[in-house]
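Take a look at the structure below.
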Amino acid sequence: MTFQRNDLLGIQDLDPEEITTILDTAESFREISERDIKKVPTLRGKTIILFFHEPSTRTRMSFEIAGKRMSADTFNISASGSSLVKGESLKDTALNLEAMAPDLIIIRHAVPGTPHFLAQCLKTPIVNAGDGAHEHPTQALLDLLTIREHKKSFRDLNVLIVGDISHSRVARSNIFGMNKLGMKVTVAGPPTTIPPFIEKLNVNVTYQYDHLIPDMDIIMMLRVQKERFNQPLFPSMREYSKLFGLTLNRLKNARDDVLIMHPGPINRGVELDPLVADGPFSVILDQVTNGVAVRMAVLYLLCRGTLEQ
Amino acid sequence: MTFQRNDLLGIQDLDPEEITTILDTAESFREISERDIKKVPTLRGKTIILFFHEPSTRTRMSFEIAGKRMSADTFNISASGSSLVKGESLKDTALNLEAMAPDLIIIRHAVPGTPHFLAQCLKTPIVNAGDGAHEHPTQALLDLLTIREHKKSFRDLNVLIVGDISHSRVARSNIFGMNKLGMKVTVAGPPTTIPPFIEKLNVNVTYQYDHLIPDMDIIMMLRVQKERFNQPLFPSMREYSKLFGLTLNRLKNARDDVLIMHPGPINRGVELDPLVADGPFSVILDQVTNGVAVRMAVLYLLCRGTLEQ
Amino acid sequence: MTFQRNDLLGIQDLDPEEITTILDTAESFREISERDIKKVPTLRGKTIILFFHEPSTRTRMSFEIAGKRMSADTFNISASGSSLVKGESLKDTALNLEAMAPDLIIIRHAVPGTPHFLAQCLKTPIVNAGDGAHEHPTQALLDLLTIREHKKSFRDLNVLIVGDISHSRVARSNIFGMNKLGMKVTVAGPPTTIPPFIEKLNVNVTYQYDHLIPDMDIIMMLRVQKERFNQPLFPSMREYSKLFGLTLNRLKNARDDVLIMHPGPINRGVELDPLVADGPFSVILDQVTNGVAVRMAVLYLLCRGTLEQ
């Protein structure tokens, strides 16, 4: 293993070899969740704190399952139950947690850069589970593992990411990772949702994507946050769905082996037609399964777990 | 063991042999909770998800304690912390959970039939922990275990269930189970709370129950939901208590070995006089103790745990 | 070991030998949290319930970490998710919990005396994790352990406790413990926050403390609850901070080995200057670390764990 980092803050920092190390480790752990007894002693006696400031089912559960399947002890703190409501600074809360000798802290926070700030304050390894619209590295890693599972290699794959690119930490982390691994990324969405100068991240931009579908190996649809409709970004859900929603009809010229991905939760009938979400090209539930394996790998690599047991 | 089902959705589906299998298994597990070290490796490496959409102390805790005493890993999701608040469908949430390879999902939901719907969508075993006013099978099973513990046999026992029958999943599951095991069930309550055609479930109906007390082996008082008072169903808490509340005076003609049961939480002084709740006939806390044993049995039978360890 | 109690309700009840037993036990457990594998089997198969009616990060987490590092199973109940919202009495909730055979219940409650009431109702050992403004015994014990770690002996140490003494369970538990161990306690605060007759607890009282700093071995600053400002107790945060806040300037005549303590969470810039909180005299994070060790000791002594494993 050649993973020397103390934290996993984003994909932007990683080099391709590090990404590959995480994916290889994840692949080796995947079968643990297929066993009858889904438990290995790798992280026995390790203390992992999940510090989530935003609601989450799949990410929190996925980390918690990953930790417990490796025999770690996991502890949940939500912002509402924490001292933050008593006016304590985030840094003080974190220093207090560190004084209880955790082996790793997983944080989700609405403010971009929060995990990076904690990583500067603490010696404890920090995992970013989503910081505002900035990064969500384990999501990109599970997406990459799913792609590699189906396509074997990343080199020269064409990927289309569709949705509100500006507000998507999933898009951003994937753009970084896909570029590093040699994929060709195009983003599509309403003009109001494409960040200016995004070309500098080495992506192509389009405002309608039908003509690109025949070339695509992967189409990744982003969740549209309903609360943004009827705001300046989106005229209406109906119009968004008509222009950008992925339907069976739009897929009629797609490759036979195209992969349809979505980070979830899905707005059925908005960005994704149910027939596509549940159809043969969809690998959406594979993504979720791979999420557990990727998080096991990340926890293992950062906690310096012992494999020999 | 002859339990071949994948799910526990209700008592209505079970045949008497299946009920007896669960009760026998529960009985054999009961002593585990009396040990100094309350832990067996039976469900080690099993992932059990508790998915509760309604507040609960005793049922959730009872399942969680049951799981952990058998060395399972348990995971809590509440509706408020879940993706459901982001507009995801229940089916999608469930499919996502399934993709993380749980061995069993326990669900409580206000909508009747929700566990049955999930059982159709998922291969993962589903346990109904209460679906609206429909069924609450583990409650009926723990009630039956408590009755068997004290009465040895079910045959021809007379039971009176008192309260708001229409809205009670506890009453419904018990009526199914008691009938299957040969007990004779009478329900009592204000006329507004007795469902029409309930006789078809093979129960007797009465609107005042004093004259029946001398014949009863078991009197099961239901919790009255205070929020229903001053609605059309109940004129007032005081009137309900006077007409239907179980007092020492009402019990003066009862048998020496009558059992007083209540699923909890009790409204002391409404449906149950504190002197009765805490009196010698009450087996209310035995019910709670048996709840852990019954849930251990259900988790074991559905997770296909290994006893040989 | 000579600890014969069933519960830990307060420091007021303990004799000095009992306090010393807890501190010695805690000291012996402290190194477990410094290991690579932070796990001992001491409390394997024990069921510990955390019943917190007030929000808490550090105390709840500290108990939970303490329990799991000794292999106990821990279960969280908050008031909002519990049957209390359905109108059940606290006693009934507690009796129901007891019927599930826990080995220990940890309770925090806004009403003074609640843990004592539960201890009367239940045979299960009760630990008070804070009852209103009354006692917070494990906080005082971790404070005492921190003092002993740095000062070796308690005899004749001078300690100054600064803040809203009336509303502080931390102050009260510490006053009891420090007196029993031979320390000399002075309290300082605005006159509105010093309880009448507090001298009967064998403490000195002052309304401004600068002249005492040169004599002090320990200065313990209490958290000021911001919601009390602009109430009759405190004219303003600014005035409180000016008169009672601990600054570098105030410390210029302090001893070289003075200890600055705070139970957290800190209001930086109110009761404590950040330069003091993070300065060389501060042992605030040592207190947090010792909190885990003290709680391991309390759980061990009350659960009658087995050391021989």
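Chains here go by letter, A, B and C, matching the order in which they are written, and residues are numbered from 1 within each.
In the analysis below, a contact is a pair of C-beta atoms (placed from the backbone, for glycine too) under 8 Å apart; a residue touches a chain by one contact, two chains touch by 3 or more.
Being a predicted model, the structure only gives us computed values, none of them experimental.
Here the chain-to-chain distance from chain B to chain C, counted in touching steps, is 1.
To overlay chain A on chain B by their CA atoms, one rotates by 120 degrees, a value rounded to a multiple of 5. Comparing the contact residues of chain A and chain C by number shows a mostly separate set, under half of all numbers used being common to the two copies.
Mean C-alpha position of chain A lies 40 Å from that of chain C. Residue positions of chain C touching 2 or more other chains: there are none. Taken in their complex, chain A has these residues touching chain B: 33-39, 55-58, 60-62, 64-65, 68-69, 78, 223, 226, 264-268, 285-286, 288-289, 291-292.
Every residue of chain B that touches chain A in the complex is listed here, in rising order: 44-47, 49, 73, 75, 77, 80-89, 92-93, 95-101, 103.
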